[in-house]
Structure formats: structure tokens, C-alpha cells
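Heads up, the next two complexes both have chain A, just with different partners, chain B and then chain C.
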Partner chain A sequence: MPKIIKLVFLLYFCFNFSYAKGINTKVEQITKNLRCLICQGQSVYDSQSDFAISMKLVVKNMIDEGKKEKEIYDYLKSKYGEWIVYEPELNQNTFLLWLLPLILFIFGGLLIIRKVSIK
Partner chain B sequence: MSNYLGNYSLYIALIASVYLIFKSYLDANSENKYLDKNFILITSIQTIMITVSFFSLVAAFVISDFSNETVFNNSHTLKPLFYKVSGTWGNHEGSLLLWLLVLSIFLFIFLLNSRSQDTKYKLLTILFQQIIISGFLVFILLTSNPFKTLYPIPTEGLGLNPILQDPALAIHPPILYLGYVGTSIIFSASLASMISGNIGDKWARHIKKWVLVSWVFLTIGILLGSIWAYYELGWGGFWFWDPVENVSLMPWFCLTALLHTVIVLQKRNSFKEWTIILSITTFSLSMSGTFLVRSGILNSIHTFANDPSRGLYILSFLFILILMSILIFFFNQNKISNTAKENFILSKETAILVNNWFMMFFLSVVLVGTIYPIFLEVLNGSKISVGPPFYHKLLIPFLIPFLISMSFGPSLKWIKDKLKKFNYNILIIFFVSLLISYVILTKTENSFLLSLPLIVLSIYLLLVTIKDFFVSKSSISQKISHFGFSLLITSILLNGLFSNEFNSNMKVGDERIFNEKVLKLKEVNVTDVDNYKSLKASFEVTNKNSAFALYPEVRIYQQPLTITSEADIKTTLFSDNFLVFNILKDDGYYNVRYQYKPLMIWIWISTIFISLGGLLSVIRKNEQKY
Partner chain C sequence: MSKNIKFLGLLLTLIIIFIILLKGLNVSKDYSNEKLKSKIDFSLNAKKLFSDEIINISDLFDKNSPSVVNIWASWCAPCREEHQFLMKLKDMNINIIGINYKDSPKNAKNFLSLLGNPYSEVITDNDGTKSIEFGAIGVPETFIISGKTNEIIKKYIGPLTSENLVEIKDLLKKNA
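Right after this comes the complex of A and B.
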């Protein structure tokens, strides 16, 4: 049994990639992951509001300065709060968010193994 | 006039509901062999009353009767007739009335269609369905009456959000509601069958039609919403993992699981408790969907009606219903005749369990992702956003085992299958898909290793489902739906991999070059149309060997003041060219966004295939035995 759990986790971390394909530049990639705070349910990238336009500039300038992706996110989070990023980081507030579905998946798997006789 | 008619017919419907609740409760406890004729009569009176009420609201919208508050808030004399009618359900009050209408019509059809069923079972189904109906009636009359009057009568209405003035969106809610509300019949019927103890293969055959009908409507409803989001919101995506979209996807996962489980119940008389649990969960998710959307606790573009007191009512109502069903489940569990059979690992039963396993996982990801931020904010005040990256990271890796199990699950036999001698066809198909994927992936700059297994498996599944049309003995409806699903996954993956876009600020006469294409903004025409001002741009896209024109538009509505961007999309079988532009404050400049989206149309077509399979299964009279 532990082997299966290990395998599941291994698989999970192997494929733990962001599915942001077709993005050409870094600005796009980052602004698509930012919430436009004054819009309803739009990303900074998709929005043309004043806020979004200035945010795009901020991100662009920070990339030009040579900042890393994580530094940009950290800076924006410290300024606007966790709410601005679409991908919540794993911390004590969010570990259930990330782990609950996985726990349920393992639990479901155990239930099926109990139900099925292997012959 | 129509206000009084609509209002009082709702009261009559409520009286009918209360009568039916008591009558069905009393009759269910006596040992009557036949259903009292009054049931059909009173139910038809109730259905007619609710229909009258609904159409008097439609009439008020059509004649722009601004003495009605709902009409005043959501309509305008300048609006085209079609959108006046669809405006009836484009708001909170009207959409609830539509919910109610579908609830009562479905109960009526259920009564007509289940003459051969056990009387006690029918009575109990009426009882539970009427509890839901009365709950909605009270909700409408207390908190969201669509027939509130205004005096003095205003001369002009406040209009409807122009984003919502769209054909796909006009029919999207009714279709989605048919799916949602269909699950209420499944809920009532499964509770009734639990108490009357008739759950088994016969009941499964009877309820399967309702599962299929709800599932088909839900699928098409989601599709319409997605198409609308694609061309109207102007961002070029078709799924945003917006809470309101998620809310319609959750019952879909649950219903899909139920759809498969009910087949096991029908063929093998097994998985009884699980079927009941899924029925209850599906309906709870549909109801909480209404709650989440209508209460306004979701920060979303769809929440056009916000009122916390309404949310509180739906929440308590939902809580009572769920509590009731849990109690019924536990007190009647002993009535389920134990026909559970041994499950072997290589069998269709196990394959369906695995399907359910994944469906429940997908459901849990979407459920947790949607409601976790709400709970977190209530608990400690921290606000987080859960968006596309979260869903992609959790869902996509699990697609790999899911696609594998889907490729061989359907071909397994019931009860117990043997490991066959190695099938060379499968090997050939696998190598063909490997080859196709290799060719496809060499054309992209995206990382190879990560996309390879997904692309290979989705193409493999696609080829297997095509092969099944010629080889497999399973029903044609299943083949079509599974083929549709594999086509959907393949299209979404390839679309994601090969989409590219170009963003720039341009003024009239400008030319931009990107990806070997030339984009030219030729002119912008300003005209006044019915209820808005139109800025129509004319673009020319020149390719290596072809050129075509695109005419996106910006509309400025006055009632209320809203600016919308109408994308222009050139659709071919291979790709969509999506162009949208916005006005910038700097004089003369426009923000232009051009997107190349391959296989876009196949995402819609494949979803139509998925629902077509379900539809065929509903209308087919003689089920194939296999």
C-alpha cells in the first residue's frame, strides 16, 4: 500500500506543471496569473482597466530590472495581499485546499480496494 | 393586471402544494393500492397556475409594464423583443420563477410517465417533490416576488446589462435549469424508493431516463455558457474556472458518476447505497449552485443579483433538505435488500467504480477550490484567489490514469473478465498515436516531456473509441459519448498547446507583423444603432498565402452606460482567428488583441457528440442487451 501512495505522490510532483501554454512573453505569463482587483473575475492580462494597465507596466519594469518571477509575486503579495495571485501558495492557510482533494482521492482508492476482490 | 394574476396564481399553487404534501403523506401511510385521481388533478392545477404566473411575467416584459418592479429594473422599451422575453429569466426573481416552473412541469411529466410504478413509491416522490416546490414558492413569495408593483409608474425601465443581451445567454439559463431541476426528480425518487424499499434493477431502468435527461440538458447548458463566454467576454477563453462556471460543473461530475452507477444497478442489481448517495449529492450540488450564484457571496461577473437574506433562506432550506435526506438514508438503510455481489478486479463493475473514483476526485478539486476561499475568509479574514493554475495543477496529472482506464474500461465484461491474449491491434493503435503525437509536438516549442504522455494518451483514447464503433458490442450511445469525450480532451489539449496571441496598441493605418502574419487596422466606422453607439473596426490579416478581413466592434450602450467589445471570429474546421479591440484613453489608439486558436470548433462539436449519445439513449425504445 505505501508504495501506491508514494507512486501517486511521485506522479503528482512529476507532473506538477503549470498549464500556461502559448504564452510568449514573461509579462503575459505573470499577468495572466494576477487578479485585476477592480474588475469582476478578470485577470490583469485580460483587463483594460487603469489598474490592469498600470499593473502590466509594474510587472514589465520589474522584469526589465531582472527580478525573478517569485520576487515579483512576493512584492505584489506584500503590497496587495494574497488575493492578487490566482495560484495560492502552500502555507498553513491553504494546505487543506491543496491536500484535501488528494486525501479524498487516496481514501476513495482504499474504498475501491476493499470492495474489489483480487482473484 | 398581469401583476395580480401572476401573484395570486402563485398563492393558489402554494395551497395546492400544501394540500399535496399532507395528502401524499397520509396516503403513503395507508395501504391504498391505487393513486387517488386527485393527485393528477391537483398537480395539473398547480402546474397550470405556475405556468400562468410565469407567462404573466413574460407578458409584463413584452409590453414593458413598468408598474412591475422586476420589469422596471431589468427591461427597457428600446430593447429588441427577443431580449425582452429572455429578460424574464435574466434576473433573480424571474429565474427563480423559471426554476419553479420547471420543477412543477417535471413532477407532472413524472406522474404521467410512471403509471406502472408502485403506488407508495409514487406518493413519496410527490411528497418530496412538493416539499421542494413549496420551499421555492415560499422563497419567491417572501424574498423575491417578481410581481412587486411600483407607483407612480415609471415611464422608462433601467435596462438589462448589454453583456447579457446575447442569443446563447438567452437560452443558456433555461437549458441549464432543466438539467439542475431534473436532478430534483432523481433526488425525490431515490428517497422515495429508499423508504418504499423498491430500489433495484427495475427502479434503475425507470430512473435512468431522468438521469440521462438531466445530464443531457446540463451538458448543453454548460456548453452554451461556455460558448457565450468565448465570444462575448472577449478574452478568447472558453473556461475561466470562474466560481459560477464551477458551480455548473460540479453537479455534472456527480451526474456523470450517477449515470454510470445506475447502469450497474440496472444490469447487476448492485451499488444500491452508492446510487442513493450520488442522487442526494447531485441534487444538493444543484441547489447549492443556485445558492452560491444567487446569494452573491461569489465574486463573479455572473452575480447580477445580490442579496444576502435570500442566500440565508436558500442555505437553511438546503440544510433542511440535506438533513432530511441523511436521516431518511440512515433510518431506511436496513430496507435495502442486500444483493451486493462480489466484485472482481477485471470487470465492468470495477471499471465503473474507477470512473466514479475519478469523477469524485474532479468534483472534490472543483468543490474545494470554489468554496475554500469563502470559508477561509469567514474563519480568519484572509482573502485568497483560487484560479486556473490551481485547477490545472491538480486536475491535469490525474487525466493520465483517467484516460488509460477509460481506454480499456468500457470493453471489459460484466462480472468477471479474463486477461486476454495480447491484442496486437491495441499495440498498433498505441504506436500510431505515439507517432502522431511526436509529429505534433515537434511543431511546438513547449516542453516536450510534460505534454507527451497527455497528448499520446488522448490521441490513443480517440483512436480506441473510433475503433470501438466497428468492433465493440456496447451501445451506440455510449460509443458516441465516449468518442465525444476523447475528442474534447484532445481538442482542449491541442488548443492549449498551439494557441498563440498578439497584443498591441494600434491606430488607424498601423501595421504589425507577428508569427509570419501581418495585421493591419484599415479603418474604424462610428454609427448609431438602436440602443447603442457602434465602433466597427476593419482589420486585415495577411498570411503567407492567404488574406482575410475581421470586423470586431465596440458598443457603447447608454441604458445603463456600458462598453462592450464584440469579438470577430473567423472560424474554420482547423482553427479560429479571434480579434477583439478596446478603446484607449490616448487619442486615436486602440488596444488590439489577436488570437489564433486551433481546433476551437471541435471543442463545441465534441461536447455536442457527448450529449448526443445521452439523447440517443433517452429516445431509444428497445435497449440493446449485451
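Right after this comes the complex of A and C.
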């Protein structure tokens, strides 16, 4: 019997912690993709500058309000520009950046296939 | 023949890479948001520094003409430097709204009684989240904000200078 009680307690705490982690990781995930604008080379998540601390709070508040990830990014981009996000959007200026690896991959694959079939 | 084609292909690729890199040299590396014209959410609430009363920030802005917003703190040395220019703006009857950034109310009040109070109203921003709404990255920062469209007309990152003062005067006149 005590074993079962222990197990129940253990499970209860496990779920409790994982719930708390659920919220934190969302903030973590977003702030890790945000560039700290006054401490370049660091993400907002890593930085302890006043600016980064406030921004973490803003992201947390927006998640608590039920805002979606895209809404949060769009909000911050409207205030700080595209530069705030580490991962650039696919658009006219960045299509080469996103597609070049794919093109190189296909090109390389074709080269290998040709070499193999010649042999 | 095929050797020639290979050589031409290589040359063409090199030329294309050269052109891409050459163009990249001229791309602006200015990533500051100084030129970004974002809109301010006027439904924001904030606490006044002097009365602890919570107000809606839209009440602070003149609906028909632009206002100046200044983010400052008593612990910020450049804020002390630019204060004389804010006082000059006040003398020109310009509506200046102060946002007191991560400061103790006591120090903030001391600062203003010592150097003069150029602000029509000061609101407090203890956790820095209100400054994020203005797209600020630190103190001091100064904004010219249209009361009509809630839009940022002009943003100054860092302390104001006497040249800025002339520009602010012109911009306020132009957008009035």
C-alpha cells in the first residue's frame, strides 16, 4: 500500500513539474530565437541585460495572454524589425539562403548518380 | 570542345559568385530600428510617478499634434547630459511625456527636483515592458509620436544633442 501512495505522489510531482516546464520551454524556445539587440552574438534567452530581461517578461506575458508564437514574433518584428529574429523568413531577399542548400544537395546527388551509372 | 564548355561553366559560376559578393558589399549593415515607424498601443495602462494613480497612456497625448516621449532614469549618466535639451523643449511649450525606466521613485523625484522637470507627466516602467512597446533598447531614447495616428514619426537612440533640438522643432511644426 505505501508503495502505491509513493508512486501516486511521484507521478503527481512528475506531472506538476512537466506542466511548469511546458510554459517555460515555450518562453525559452521563443527567446532563444530572439537576438539581443544590445549584446550582439547572444540570444535574449542567454542575456541578462535589462533589455533582454524585459523582453523575456513581455514574451511570457504574451504567452499567458494566449498569444500564438507567430503573433509574438510579428509583434516584436513590428517594434524592432526583422533583425530581431535569428531565423529569417523566406522572402525575396532570403530565398537563396533557404534554397541554396537544397539546390546543392540535388546537384551533388545528380553528380553521384551520374558517376555511379557511368561505372 | 567539352573542355571549353567546362571552362566556360566554371568561369560563369565564378562571375556569378563575384557579382553576388560585390552586391553584398553595398548592402546596408544598419540593423537599428531607428527608422522603423511602428504604431504605439494607446490602450496601455501605466502608473504615474508623482501620484501613484494608474492612467491610460492615450490621456497623455495631444490628439491633434505630435508629442515627445522620453525614456529616462536617474541612474543613467547620458540622461543627465541631455536633460538641458529637454528643458529647452519644455520652454518651447512642447508636450514631453517621460517614461521612468527601472528606477526608484525616490531617486527619480530627486533627479527632477535637482535638474528641473521638463515633463507634462511622468509614468513609471518598473519592469521595462512599456519601453518594449516603444521599441526601445535602453535609456535614454526619445520619440516623436503622432497623436492622430499613434505612429512613431522619429526616434532618437541615445542622448539628444543641440542639432536634434532643431530637427525636433521642425518635425513638430511639420506634423502639427
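Here is the rule we go by: the second predicted complex is superposed on the first by the 93 of 119 C-alpha atoms of A that agree within 3 Å, B and C clash if a C-alpha of one lies under 4 Å from a C-alpha of the other, contacts with A are read in each partner's own complex, and residues count from 1 in each chain.
Throughout what follows, a contact is a pair of C-beta atoms (placed from the backbone, for glycine too) under 8 Å apart; a residue touches a chain by one contact, two chains touch by 3 or more.
Since we're looking at a predicted model, the values are computed, not measured.
S.K.: Looking at A:Ile38 after the superposition, I want to know if it touches chain B, chain C, both of them or none. Which is it: first, second, both, neither?
M.R.: In the superposition, A:Ile38 contacts chain C only.
S.K.: Contact-wise, after the overlay, does A:Gly109 reach chain B, chain C, both or neither (first, second, both, neither)?
M.R.: Touch partner of A:Gly109: chain B, not chain C.
S.K.: Is it chain B or chain C that touches the larger share of residues in chain A?
M.R.: Touching more of chain A: B.
S.K.: Which partner does A:Gly81 contact after superposing on A: first (chain B), second (chain C), both, neither?
M.R.: It touches chain B and chain C both.
S.K.: What is the contact status of A:Met55 with respect to chain B (first) and chain C (second): first, second, both, or neither?
M.R.: Only chain C; A:Met55 stays clear of chain B.
S.K.: Once chain A of both complexes is superposed, is A:Asp46 in touch with chain B (first), chain C (second), both, or neither?
M.R.: Once the two structures are laid over each other on A, A:Asp46 reaches chain B alone.
S.K.: Return the residues of chain A at which the contacts from chain B and from chain C coincide.
M.R.: 81, 83
S.K.: What part of chain B is in contact with chain A in the complex they form?
M.R.: Listed in rising order, the residues are 235, 240, 242, 299-301, 303, 342-345, 350, 353-354, 357, 360-361, 364-365, 368-369, 372, 376, 380, 382-390, 392-394, 396-398, 400-401, 446-447, 450-451, 496-501, 503, 582, 584, 591.
S.K.: In their shared complex, at which residues does chain A touch chain B?
M.R.: Going through chain A, the ones touching chain B are 11-12, 14-22, 24, 28, 33, 35, 40-43, 46, 48, 81-88, 93-94, 96-98, 100-102, 104-105, 108-109, 112, 115-119.
S.K.: Would you tell me which residues of chain A are touching chain C in their complex?
M.R.: My answer: residues 37-38, 50-51, 53-55, 57-58, 61, 78-81, 83.
S.K.: Sort out for me which residues of chain C touch chain A in the complex.
M.R.: Chain C reaches chain A through residues 31, 33, 36, 38-39, 102, 127-129, 131-138.
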